[in-house]
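Which chain is which? They are A, B, C and D, in the order written, and residues in each are numbered from 1.
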Amino acid sequence: MVTEPNNWGRFGPDDQRGTLNLLTPAVVLDALRSAVTGEVLSLAMPIRGATSSPAPGTVPHLPGRPLPQHFMSVDGGDYAAGARPIGAGLRVADDALIVTHHGTTTHMDALCHMWSGDELYNGHPAARVRSYGATRCGIEHVGGVVSRGVLYDVPRRLGLGHLPADYRVPAALLEEIAVPRPGDVAVIRTGWPLVWERSREEYWSGQPGLSAEAGRWLAAHDVAAVAADNAAIGGLDAHGLAAEPIEDDLHLLLLHRHGVHLIELLWLEELAAAGRAEFVFVAAPLRVEGGTGSPLTPLAIL
Amino acid sequence: MVTEPNNWGRFGPDDQRGTLNLLTPAVVLDALRSAVTGEVLSLAMPIRGATSSPAPGTVPHLPGRPLPQHFMSVDGGDYAAGARPIGAGLRVADDALIVTHHGTTTHMDALCHMWSGDELYNGHPAARVRSYGATRCGIEHVGGVVSRGVLYDVPRRLGLGHLPADYRVPAALLEEIAVPRPGDVAVIRTGWPLVWERSREEYWSGQPGLSAEAGRWLAAHDVAAVAADNAAIGGLDAHGLAAEPIEDDLHLLLLHRHGVHLIELLWLEELAAAGRAEFVFVAAPLRVEGGTGSPLTPLAIL
Amino acid sequence: MVTEPNNWGRFGPDDQRGTLNLLTPAVVLDALRSAVTGEVLSLAMPIRGATSSPAPGTVPHLPGRPLPQHFMSVDGGDYAAGARPIGAGLRVADDALIVTHHGTTTHMDALCHMWSGDELYNGHPAARVRSYGATRCGIEHVGGVVSRGVLYDVPRRLGLGHLPADYRVPAALLEEIAVPRPGDVAVIRTGWPLVWERSREEYWSGQPGLSAEAGRWLAAHDVAAVAADNAAIGGLDAHGLAAEPIEDDLHLLLLHRHGVHLIELLWLEELAAAGRAEFVFVAAPLRVEGGTGSPLTPLAIL
Amino acid sequence: MVTEPNNWGRFGPDDQRGTLNLLTPAVVLDALRSAVTGEVLSLAMPIRGATSSPAPGTVPHLPGRPLPQHFMSVDGGDYAAGARPIGAGLRVADDALIVTHHGTTTHMDALCHMWSGDELYNGHPAARVRSYGATRCGIEHVGGVVSRGVLYDVPRRLGLGHLPADYRVPAALLEEIAVPRPGDVAVIRTGWPLVWERSREEYWSGQPGLSAEAGRWLAAHDVAAVAADNAAIGGLDAHGLAAEPIEDDLHLLLLHRHGVHLIELLWLEELAAAGRAEFVFVAAPLRVEGGTGSPLTPLAIL
């Protein structure tokens, strides 16, 4: 007899979801109308195991962070070497993944990821974020994001291949491109991932990003989330730090003060090439209880 | 200068995607029309770190598999203990996840996960599935699934809370409920996860699942994927094994021979309670290069 | 120019080493004289990866703890499957280990592993034990233990194959066997690991161990460390807990109040069979900075 | 009833131990006589978690390898934040370690770590080195090394602080310093770790090491193991590769053809400063079943 149903599948509006509460069924239905052609694009970079592959490549990431590790516990090589099949002939490959997503791969930040003082978003006590997980504002409260995505292709607007490292996108430029509706996901393209293949040193020399003013403008328009192809929504200096004063820090401004979820390290080149200003944006982080975020594969339905 | 664009975002039809190739833009557009109310449900069980939480709970899983581990590399406790904020006052929580998804959490199987003989799905050489990842039929070829979901609530049809452990769903019963269209995702409810809270021993005593005949029927109707709330799509005996002869093994039948992706260990209770026969089904596995599968959070848009 | 030498190799007496400070060079030299035959025995249980081995065995451990995971990032199977050798023909196997040693494998506890109140051993602030490691009393302060080992083969003394689960070894029995000198390592055999192969349920039904009085007697004799083949030095009840009142808790008594290091989950059967009361005991934990302990392979030189 | 004793503790001479078979009880007893002062030195570098420590330092390692990760599953910070003690007041810190030791920390190579063709050391089939571990020549066959250590302080002999990157130690120079006896461990100091603090770029620009001729000379003198403070016993070029032709590769020469175990990335500065030519060398790798090696803390007893 199940006396206490888990209700793992249900996530209604609550005070640990920030602006995701804007994603009412009506907003979701409206967002689905943004699909025109039905083409589906992934906005995720690949996750590559940082082990002894013959030619281990890497994807854009912040320096000094442990890269993902991917292991096989049994694989085709074992059978080639003589491993016995299971039962009458079944063969299997099985794997394991170690991932510290912040700064290394496409991911979403939970509301417990950053704060100042002793309180998380909405006054939840930061002391509840412990070694065994956050019992407030963890990523499991996100559920899934189904919303209208609005592409802000800033370098295209400026006639550039990518923004320069020290460029901070002003609110006025965003406004020229589009004004979001409540519940939209603002998808910010800087083009900075293109720098990776040219030079890691240049990629790590700084990063373009939103200005604080642009962050405030997006928050004022009640976007549900901000998603960008850079590492920190805001820009980074040559030390890999957000150089803004603390009241202008983009994470504090959006995540901590306004409950706006952040999605970082996207790959937006195919989306940009498709030339569509609006689309259906879907993102469903892993339901890690107490997680500070999750690697994920956001989708754009054009 | 980027001479070789990565094209990480693009995933068109190819011979490593199996029935997902059925998800043409037209099918996607058609699937989106299944949304009526705009309510979004998660179909994932939580991922719980199997470490020294004060009261570590667990979710339904197969015995003998390493459970997920979740660690914080910095958290609110550290600040309570006196850790210095970053810069002028920024505080951060950061985590890491170790996950071996098969058998432990809601996940999707890649086409390289199971085979017999020396060839994977579609004749790809199994010898290409190596310790450093599968260079054929890895989970990164899935991209995202956006399709019509059809719920087969088998216990409700039979007037049961959940199916008994030795029940194998016949094709005729599926046909009574609904006939899928090409590209649909067949979502099979057994109710077996409800047993977990009552008794782990009973949960591990076997599992209900599809009969081989039902698997063939679904494959013949060109479903894009089969998703179930049990651990192995087919049933399991008391030893945790699929007891069918190898030609009737559900994994070989669907994954290996027909390229039908499998999604397992779903949580379907809220979806079942909602009573909707059709909905939009979205699943986007992590883009793990060469992965045999991925943990994921499937969504149902009602 | 190296301005600040690391001095990684040096570990002199300091206040974070507890009774290990008794291991002066004179004590070490004296201990070496305990070697008579020169036979070397390992006192460690094997570390087995808890993944999809064809027949994954396990070794005695506490329930609910994540077992070690062992992965190959390249192996002989990959070469059998066609992987290219490095350069002119070099082939390599490389691996990774994930281990949470407490309760799962032979290991040594650091002085920061357990405490009560707000202070670790010797008054060090417990608030310095943080997510990024303990900056007080971590395992890296142990260096290496080279000492005289004294075997307390309690079941042999009592004419038993192993002690019963509820047996708590009295001080008087230890005293009958031998009186340790300052700096000795007391090696306590309960025989409980023998139960594992007979029945895991019986192994988990409780564990024999030292009485609090015996712990006090050992501390009063200034042993450098206590090493046992059970999981917690003291006994465990059917819930896997040390049922003693807190002033009698063996970990607090030895580790916290007296700075006596603990080594647990040893395999002592060959040592017992050798019938030697004294020997050279050597243990060198991994130099994990800020670690709460370390898996290790203690040696007995007979 | 234990019908099949595990005998985990026993490791006698066998054909998977290479030159360690030279470590007969008589050789061990003789080695212990090298202890004069009783001072114990660690020869290990620290293991530092590569996560979000406020100031994550690193130790000498090869580029592109995943660094160790160290996590706390509960710590003092959690109690500072209000976590409840266990029972009547017990507090605990518990951790987990992820380590890929080759190239990142002080470690010993198993005989299965490198080979050419289809056979490991002594003709064991390389196809037995699989994803779930090596069933031939794994690190668990090492047990423990207790032997006479002979220090070859090459830079001191040449009047240098450290050897230059392109220096390959000739056999004649080793012979000038000392001629090892069968079963000795040759401890080779290059001084290269001192370069790390000056410049990582310089550290990675190449590495000094043994010449092939010196390796042959050591093998001919039946050393039990070769231990060095560089990363690969032999030298490395600017690409991090052993540039020798395959018949001169130090790993193949020592490990594969002669069964001489290798211990790498030692820290030898205090040992060198102590000025002792001979000492007791003790090393006990973790008993990882099927492991390709193990992190470890070698000890020198002076």
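FYI, a residue touches a chain if its C-beta (ideal position, glycine included) is under 8 Å from a C-beta of that chain, and two chains touch if they have at least 3 such contacts.
In this text, all values refer to a predicted model and were calculated from it rather than measured experimentally.
Overlaying the C-alpha trace of chain A on that of chain B calls for a turn of 180°, given as a multiple of 5.
A count of contacting C-beta pairs for C-D and for B-C identifies C-D as the more extensively joined pair.
Rounded to a whole number, the gap between the C-alpha centres of chain C and chain D is 21 angstrom.
Mean C-alpha positions place chain A and chain C at a centre distance of 43 Å.
Averaged C-alpha coordinates put the centre of chain B at 41 Å from the centre of chain C. Each of the following residues of chain D touches two or more other chains: 49, 51-54, 66, 69, 71-83, 92, 94, 96, 98, 100, 127-132.
Judged by the touch criterion defined above, the protein chains are all mutually in contact, each touching every other.
Of all the residues in chain C, the ones that touch chain D in their complex are 1-11, 23-30, 32, 35, 37-49, 51-54, 59, 66, 68, 70-73, 75-77, 79-80, 85, 87-102, 106, 112-118, 125-134, 140, 143-144, 146, 194, 197-198, 241, 245-246, 249, 251-252, 267-271, 280, 282-293, 295-299, 301. Partner chain A is touched in their complex by these residues of chain C: 49, 51-54, 69, 71-84, 92, 94, 96, 98, 131. For chain C in complex with chain B, the residues that touch the partner chain are 50-51, 56, 64, 66-67, 69, 72-75, 77-78, 81-83, 98, 100, 127-132.
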